[in-house]
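What follows is a set of structures for review.
Both complexes shown next keep chain A, but they swap its partner, so chain B is in the first and chain C is in the second.
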Partner chain A sequence: MEKQTEEKQDNKSAFGERISRLHEEGFAKKLLIILLSVFAALLIGAVFLLILGVDPFTAYFYLLIRPFRSFSSIGELSIRLTPILLTAVGVSFAFSAKLSNLGGEGQICLGAIGMTLVGTSALGESLGAFSLPLGMAAAALFAALWAGIAGFVKSFFKASEIITTLLLNYIALQLLSWCVYYPLRDPEGNIPQSAKIAAELPRLFEGSRMNLGIIIAIAAMIIYAVVMYRTRFGFKIRVLGGSPEAARYAGIKRTRYYIVIMCLSGVFTGLAGAIEVAGTQTRLLEGLAGSYGLTGVVAALLGMLDPIGVTLSSILLAALESGSEAMQVKTGVSSLFVNMLEALIVLFILLGMSLISEPGKGLLRKKSAGREAKA
Partner chain B sequence: MNEFLTAAFLIPLFAAGVRMSVPLILGSVGEVVAEKTGVMNIGLEGQMLIAALISFIGAYFTGSLALGILCGGLSGMLTALISAFWCVNRKQDQSVVGIMVNLFAIGFTNFLYRAIFGVRTDRAKVEILESIKIPVLSDIPVIGEIFFDQNILVYIAVLMAVFTLYVLKRTRFGLQIEATGENPKAARSAGVRVKPVRYFGYMFCGFMAGIAGAFLSCGIVGAYTENMSAGRGFICLAVTILARWNPVLSVLAALLFGTVQALQLRLQAMGSELPYQFFVALPYIVTLLSLMLFGWNIHAPKALGKPYNEEQR
Partner chain C sequence: MMQRSDCINGTLPFECSMEICGSEMEDKDRMQNRTPLLELKGITKSFGSFVANDHIDLRVYPGEVHAVLGENGAGKSTLMNIIYGMYKPDSGTISINGEKVRIRSPKDAIRHKIGMVHQHFMLVEVLSAIDNISLLEDDRLFVPRDRKKVKERIEKLQQQYHIDVDIESPVEQLGIGMQQKVEILKLLYTGADVLIFDEPTAVLPPQECDSLFEIIGNLTAEGKGVIFISHKLDEVLRISRRITVLTRGRVVKELDASEADREGLVRLMVGEDIDMQIPDHREGTAGEVVVSARGLRARDKRKVMTLNGVDLDIHAGEIVGIAGVDGNGQTELAETLAGVRHAKGGKVFIDGTEVSTYSPRTFVRNHIQYVPADRNNIGSVPDFPLYENWLLRNYDPPRRGPIIDYHKVREEAAEAIESYDVRTRGVDERTAQLSGGNLQKFIMARSLRETPKLLICEYPTRGLDIRAAMFIREKIVEAKKAGCGVLLLSGDFDELFSLSDRLIVMYKGKIVGERRPEETTVREIGMLMMGGAADGKAD
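And then the complex of A and B:
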């Protein structure tokens, strides 16, 4: 008898664990793990910095404290936070369904191309500020279709989306490069970049580069929270992510959902590209996607796909990204250093979480399983 | 068009194609074994990158390419141990851990290069592997020039593929590997120890990825450049699928991609009507299309990517 219930719990636990996230009783424990992980990663990073002969406190001051110090530096942080947050939302949708969308970078490129196409066209010029929503729609459409390729190939050709989204990144980067060298190149300039787009996103405050994009990003995060936890569609995504067998049992058509979810994911990552053009760069240029694609993935994983968790981890990552350039200038440590920190933080968190959810040892797993059984 | 079809164009093209395919062969032979044990080593790209640097450092300071390449293999293996611990022992998502290993590698290699070589304008260099002419075979016209006038790692890569196929198909250990990837529970009841086999899968793959990285820095370039693996690790994953988890077919699939890469470089250099971006993207486009055409995952090991719970029966 006892053995039977145990078995039931084990079957359910994977699913229960995924949807329980931060809301469970283990909240304090999880928070502790996250803080410890960040601390451990910083400690290892400090050793590396010492080897380079750089004072860790100076480096971490630039990474963690300076981005929050002044009004204008918070503005700088916000323009990095916007694409990270939007990418993280897109990626979280996909990861919630156990789809690893690693194509953020490529989708950002496509979104940026969409925005620029509208913004530099005659139509865009005549529309003025109204070209912005149109450009964003184009960006969302382009990126959704681009991400949809990976969903389509997964559904109909059973090719792993991990590989296809990565391959699509390399192709999108070249597509963007081609766009700025040939069709979208500013005819008056010598540098391979597009002309300025017709309108820019309005800035929110004087003396800071913070723009309307951050509001759009926060709205996107709210949409994510509502869709995932308050709608049938979100529930289906979670079922699909929890267990494909359960999804089949519930009559969810996997093939169709894979395509829909990838497209939805692309809508948000595409918006990240659109806002990077319309809010920050004002034109299309190479290297625009930067590392936002992967950073978005890290934010989603670090926040464990929970809306609040992802928002907080996005802020941390945006601080690291915006601080890393100052650090590079002042201490000579490459901005790529933060990649190492990010990877270590996620690895330590995974390790910590696995230690508290070990079957038979952790309370958390049983509780969440029990809750699921009741529902 | 005729200029493409001359021997002077084609023979160096295919010879370069063979060279370019070597990292793909080594990586995907490793990946075949890892995936046969049921684990997906997405961190292959990161292992390759770290090994490219470590092998270069090894060769630079010891003055011996062989030692450098060995260092590369070992560093790939060590990096794979991270994935193994997280995925096999702690049962974490293999793709997530792999992505993190790749991310870590980008930062780590940048750090290590700077820590050792500092910021200098002149790039540190080592001699590259010499090519070895195989007697008799290298005298065959065309074929000899393409296949039998290469450096030692080219031959080792092909021999490893054949040897791996032999081990997988014809030995007891190969059977244990296959069982672990197909049905770990059944394998366990038959007395196979699943965890060590999966650890072996990761470590073998890491070692092969390491040699692949060493081939890039010590084998053909003679220097380390930032992010020099450039997505080859991901192409290895695709090659593995296309080869249907058969190491010898990996060689053929890798040759195809290697040749496309070599062709891409040559077409770019010749100054064609088409924009250069098209050629840079070409290998990735070919990979994507071939995944759609031939990449049906039906031959994948059944338990691929699923963590194995010893306690769970």
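And then the complex of A and C:
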């Protein structure tokens, strides 16, 4: 009985925190900037649509509303959402520590390779449906190690993770190509792709491609929220992101944490690759990572690394991507139009954030007093 | 106490007789109705319902230093921003040389020959002093600057006011004191007649203050007017002729420096008597050694070995004061003993057991608390709410399983805020919103949550107003009485002398002297800090 009331209190205070954060000036400002940015991007997009002679309302209907209209279209949305959400969770861990993990694409590739290796092996065949968790574990491990490379060279050689994760992407893409052309190539087919894996993720409903992956993605988001905002580990990650000097003061070993955080980041992006193989494609093929790597980064930043924010922005981006094909078919506007919208949204947000950020970060740097300047 | 302040004056290379003896003369000047360079009448400015400046009058005459004294939040900065054209006053007038003017922007202020040395210097760091100053010359594009002419003019100003500074090197290579001189040159170059110094000594090491005061003396000797903002009483008494004391946005008194004394000024500033004396706390004997260092060496951020073999024992229940000019290894000593900097040689013992400085965890777990000098970025994460900063450097927060019990954390933080009188809207407030004094109280509360074994305080009262500083000092003494060892780094001699049981002087990364505060003088400590021999002769 006592425990129950305690829990209730806890929930209440957690809710109170969220409310008070929403009331905070900075938070409200950021939210406003994001909404305005989306709106401005759509507005500019509308100009281009008009130039193409397409009614913007029709186009935006297919892009933003249609994906939510029917059962099967929500299913299509969900299979786009899964990898975006998982990648966003993965990179959010890194971004929370001010580590820019731009290597989502490469880590997805590695995850996909891991899943395929297990799924097409004799062991995988014999395990049947049980090959799925094993494949996911392999995917998480592969991608974690891959991302860990960037964390390692950051910690020990001070190499910028922005550069290393991007470069690792190219290597991973080539590695995936090599895999589908040579060792993992389906011996019975002529196209460069792997054989079908032993088991697929079960579908959740009849008449929709929605599969178990979306549940895993949502679970990952919940894990992210709890770890980040309720555990000491998450607290340390956020201290590292908030002020590296304060982290040193608090006795947090930066080198160790950078590696651990990058690996953790890779676990989730790797899962995105595994689920893309096991849920959607059923086999390994080139171009499987698509643009999910960078879309995940956009979702994470758009949602300000906040669990709910990231979820909402992932849904928006997934809708844009799944609606883009319908829009192309119905209105003749290339689906690449969506990339332009995404780019515009990011640009506007960066612009808005730089307007509200504290002054004195430009050329005329404010020299603050004494030791603080050196710090 | 008296003896001590005598000593402070004794170390002055710059004698301030000119200002102090001139008070009779000055009265004559006033009788002759000399026009002030700058005159403010009835300046009022409010922000919402808060009145920051309430009918303020201020006159600055040529050749005099007019100090504006007040606690943090008394309205000094608002007033200066009004003079400098950043804020528009709600009512009141500003006259320059007897003529009413309106100052709408800093550019206007410069046109009216008013200049301001900000606390944060407005310099392009990669440019030399000459280039920084020539930026003022012309803002039309594509017009080549006559660098040689600018240089000649600067050199002339340098000679006139005896300002010795390297004007060719990039500003970022100069020390803080030198950068400040570049700022002064910049103002003189614009032809400023009234120079506002906004807490100029807050950023300077003590020996550079003297050279700043010399320059201010030269400025007034040449007929410039100076407004000197500070809350350091000794400085104000030393260099100014007139003193205006502000409290809660009002002028409580304007008086001649010659008729002012420390105690009187404190009473005016604070509005009541506060006890500036720390009650005597030096009765009990120190306990066991809690932390000791043997041959400790460490490198600073630039990887220069600044700590060069220090042997030190800190006992329970004693305050060890460390004096030294900035950059002589004190910071590295404090950081190494706090476990946040790796030693590059030597040993550290906690309770007689040797520990590795590569494991910060050991230090935190052994209750070694550390109050760093930079409270905004090191002592706290500015973007975190207070209750989350409460957990910083705490390896054992209340938890249920792996989940932090934030409900309890918030309660703890709220209690601390209450008992340490931290003025804030609540535990959800972002730490960046707190004023320096309140943030320092919060960090003190966090550090003293459980009586630590060793409390390391690095410049704990730097930049704080009198009340907050006294509060922090009392807490340090309380901690000591509770049996905690304290290592106190400070640049404030009053603080060092009144708090320390032992005073240790560091120079070039080594301990060059140890004294009992009651058996030494500021002069002797000052000589040791400069690397001089103990008998007072510099080497």
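By definition in this document, the second predicted complex is superposed on the first by the 315 of 375 C-alpha atoms of A that agree within 3 Å, B and C clash if a C-alpha of one lies under 4 Å from a C-alpha of the other, contacts with A are read in each partner's own complex, and residues count from 1 in each chain.
Definition applied: contacts are C-beta pairs under 8 Å (C-beta built on N, C-alpha and C of every residue); 3 or more make two chains touch, one makes a residue touch a chain.
Just so you know, these numbers come straight off a predicted model, no measurement behind them.
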Partner chain in contact with A:246 - chain B first, chain C second, else both or neither: second
Contacts of A:231 with chain B and chain C, given as first, second, both or neither: second
Which of chain B and chain C A:71 touches, first, second, both or neither: neither
Partner chain(s) touched by A:205 [first = chain B, second = chain C, both, neither]: neither
First (chain B), second (chain C), both or neither touched by A:301: first
First, second, both or neither for A:164, with chain B first and chain C second: first
Which of chain B and chain C A:347 touches, first, second, both or neither: first
Residues of chain A at both interfaces, chain B in one complex, chain C in the other: 10, 360
For the chain C and chain A complex, residues of the former touching the latter: 119-125, 176, 179, 202-203, 301, 326, 331, 338-340, 360-361, 363-364, 370, 372-374, 376-384, 388, 391-393, 395, 397, 399, 402-407, 410, 428, 430, 459, 463
Residue ranges of chain B touching chain A (in the complex, touch as defined): 42, 82, 86, 90-93, 95-97, 99-101, 103-104, 106-108, 110-111, 114-115, 119, 231, 234, 237-238, 241, 275, 277-278, 280-281, 284-285, 287-288, 291-292, 295-298, 309, 311-312
Of chain A, residues touching chain C in the complex: 9-10, 13-14, 17, 20-21, 24, 26, 226, 230-232, 235, 238-239, 242-243, 245-246, 248-253, 360, 363-375
Of all residues in chain A, those that touch chain B in their complex: 10, 48, 51-52, 100, 102, 153, 157-160, 162-164, 166-168, 170-171, 174-175, 177-178, 181-182, 294, 297-298, 301, 332, 334, 336-344, 346-347, 350-351, 354-355, 359-360
